[in-house]
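Following are the structures in question.
Below are two complexes that have chain A in common, paired first with chain B and then with chain C.
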Partner chain A sequence: MDFEPMDDFDRKLKRLFERWPAPPDLKRRLMENRRRRKERPQWFALPFAARVAVSLCLLAGVFAALYGGIAANQAEQRRKGEEARRQVLLALRITNHALDHMNRQLAAHNRARQE
Partner chain B sequence: MAHDWQPDFEQLVDEHQSMVYSLALRMTGDRGLAEEIAQDVFLELDKRLGKIESAAHACFWLRRVATSRSADALRRRKARRTSLWVTIEEDHGVPAEERTSPLGARLEQLLATLPEPQRAALVLRYQEELSPEEIAATLEAPLATVKSNLQRGLKLLRAKAENHLKEYVRGF
Partner chain C sequence: MKNRILAFIFAAAVLAVPALAQTAQLPAPPPVEKDLAARASSVDEITLSKNMLAAAAALFMNSKDKDEAATSQLVERLDGIYVRDYEFAKEGQFSIEQIEQLRKYFETSEWTPIVRDRDHTTGESSDIMVKMVNGKSSGLFILDVEPKEISIVLILGPVGMEELGKLKNLAWLGIMEGTHHTGPDNGK
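Showing the complex of A and B:
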């Protein structure tokens, strides 16, 4: 294509960089978005007392969850401690039983030698 | 401060949608993103409508926010520069040739390759026909910086045009 010489770059740019037309449905979609936003309950549109109440409820929920988590963790630790204690006692009982058995055998052996 | 001007949101959209969309499109080189930015800018305007004092203030505010939102979007997405401009040729069903010349389309592509501050200054200068002082106020930048960006941007664009648009340009 043939174009005239670009003797004035500055002037050309002004002419070439005219505004683009906005997409035909930009306004329609924008107004629709705006309407939806206005219908949606906005946090700052709530009365101050309601915002405080919601914040307190959320805070209480967070604390309850934290407390529940800590309590559950402590219960789990206690359960593991009990389990370990039971296993140690069982091991001691087995050892005790084995030692008794050995003592009885030694006593029987000694008695046999004396006779 | 009390002011008599009664803003009409719909009328502001009618008057400025082309300006906001074009600024965003020339800054980002992405039609979808430009549309998204235009929507965000107008919804933000809607929220702040009570603080807008006049029609001129609305126009200034829209230019400033559209430019800064576009720059933010560019930084986030690190737009793919020239390749994105392939989509602009459709121009919502209108072939580029019907709206602007091929030279214009190529210059738009070259504009998209400029650094973001230079691009912003040039778009405001040539699309919006603002003075360097008005550009400085819009971009909230020192006047010297704006003048430097305009000079450098123009020089760079001219050099790129000389290199890439030889088939269109017989001499500058």
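Showing the complex of A and C:
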């Protein structure tokens, strides 16, 4: 009775050592997988120089995009600044016109008072 | 309890609205502004916030013109410049009531009139008010009315007229520093 677990183990082992027929399309599937893997371009399959060149190109692209973004932002800021500057000058011109009129009016009133 | 919370929120909202309105001051009451703009033959509306002024100051700073460099120093400290200029094709396009509304808009304890001039024969008038906060000037309001033109200028921020007067074209303001002038009808 004590050997029962061992029998069970034997049975499992025996089953594992049994020969099973391979699935009918196993070979075809394996060959297909192999072919597909070969067709796929592999990064590590590229020569070292090509890998460096691709990396440099990507890096240059990133820098170009960053530089472009910064330049566009600076241009936009400059455009806004120019517009604001133009408006400040117009505001000063209108203020000057108002003050000039005010000055003339006050001078006229002062003259009238003195006469 | 729920009603009390609702009442508190409502009261807070009611108090907050005028406070917000105060910070975003306009140079004229919106209905008057709209009506004047509709009647005018030519309108100049300039609204420059602190951000816009900072952008302009940066450009003025790079200028070789001495006056523009001085403008840069002044402009970068300001909180806003608001200008409205309405030109009319013929006389009588705006009413005295509208001008009074414009003046009343700034007749608060913060604003001190320093120039008040009226000419009843021509209908022309001029007003300069300064906003005083803790004894320091923090705003300037100019209202100039001609028979066919109204100019409204509101400059907010720490600005002295002496400083403004240093600018080209605004030298006249420098003379006004510390003076109080009233016209022939003595501020009527």
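By definition in this document, the second predicted complex is superposed on the first by the 81 of 115 C-alpha atoms of A that agree within 3 Å, B and C clash if a C-alpha of one lies under 4 Å from a C-alpha of the other, contacts with A are read in each partner's own complex, and residues count from 1 in each chain.
Simple rule for what comes next: contacts are C-beta pairs under 8 Å (C-beta built on N, C-alpha and C of every residue); 3 or more make two chains touch, one makes a residue touch a chain.
Worth saying up front: this structure is predicted, and the values here are computed from it rather than measured.
Undergrad: When the two structures are overlaid on chain A, which partner does A:95 contact: first (chain B), second (chain C), both, or neither?
TA: Once the two structures are laid over each other on A, A:95 reaches chain C alone.
Undergrad: Thinking of the overlay built on chain A, is A:27 touched by chain B (first), by chain C (second), by both, or by neither?
TA: After superposition on chain A, A:27 lies in contact with chain B alone.
Undergrad: Quick one: classify A:45 as touching chain B (first), chain C (second), both or neither.
TA: neither
Undergrad: So, does A:87 touch the first partner chain B, the second partner chain C, both, or neither?
TA: A:87 sits against chain C, while chain B stays out of touch.
Undergrad: According to the stated criteria, A:107 is in contact with first (chain B), second (chain C), both, or neither; which is it?
TA: neither
Undergrad: Does chain B (first) or chain C (second) touch A:54, or do both, or does neither?
TA: It touches nothing on chain B or chain C.
Undergrad: Which of the two partners, first being chain B and second being chain C, lies in contact with A:70: first, second, both, or neither?
TA: A:70: touches no partner chain.
Undergrad: Which of the residues in chain A end up touching chain C in this complex?
TA: 77-78, 80-82, 84-85, 87-88, 90-103, 105-106, 109, 112-113
Undergrad: Considering the complex alone, what residue numbers of chain C touch chain A?
TA: Residues 44, 46, 48, 52-53, 55-56, 58-60, 71, 75, 81, 83, 85, 115, 117, 119, 124, 126, 128, 142, 144, 146, 151, 153, 167, 169-170, 172-173, 181, 183-184.
Undergrad: Per the contact definition, I'd like the list of chain B residues that touch chain A in the complex.
TA: Per the touch definition, chain B meets chain A at residues 9-10, 13-14, 17-22, 25-26, 31, 35, 38-39, 42-43, 46, 91-92, 94, 99-104, 107-108, 111, 122-123, 126-127, 129, 154, 157-158, 161, 168-172.
Undergrad: For chain A, which residues are in contact with chain B within the complex?
TA: Within the complex, chain A contacts chain B at residues 1, 3, 5-7, 9-10, 13-14, 16-24, 26-27, 29-31, 33-34, 37.
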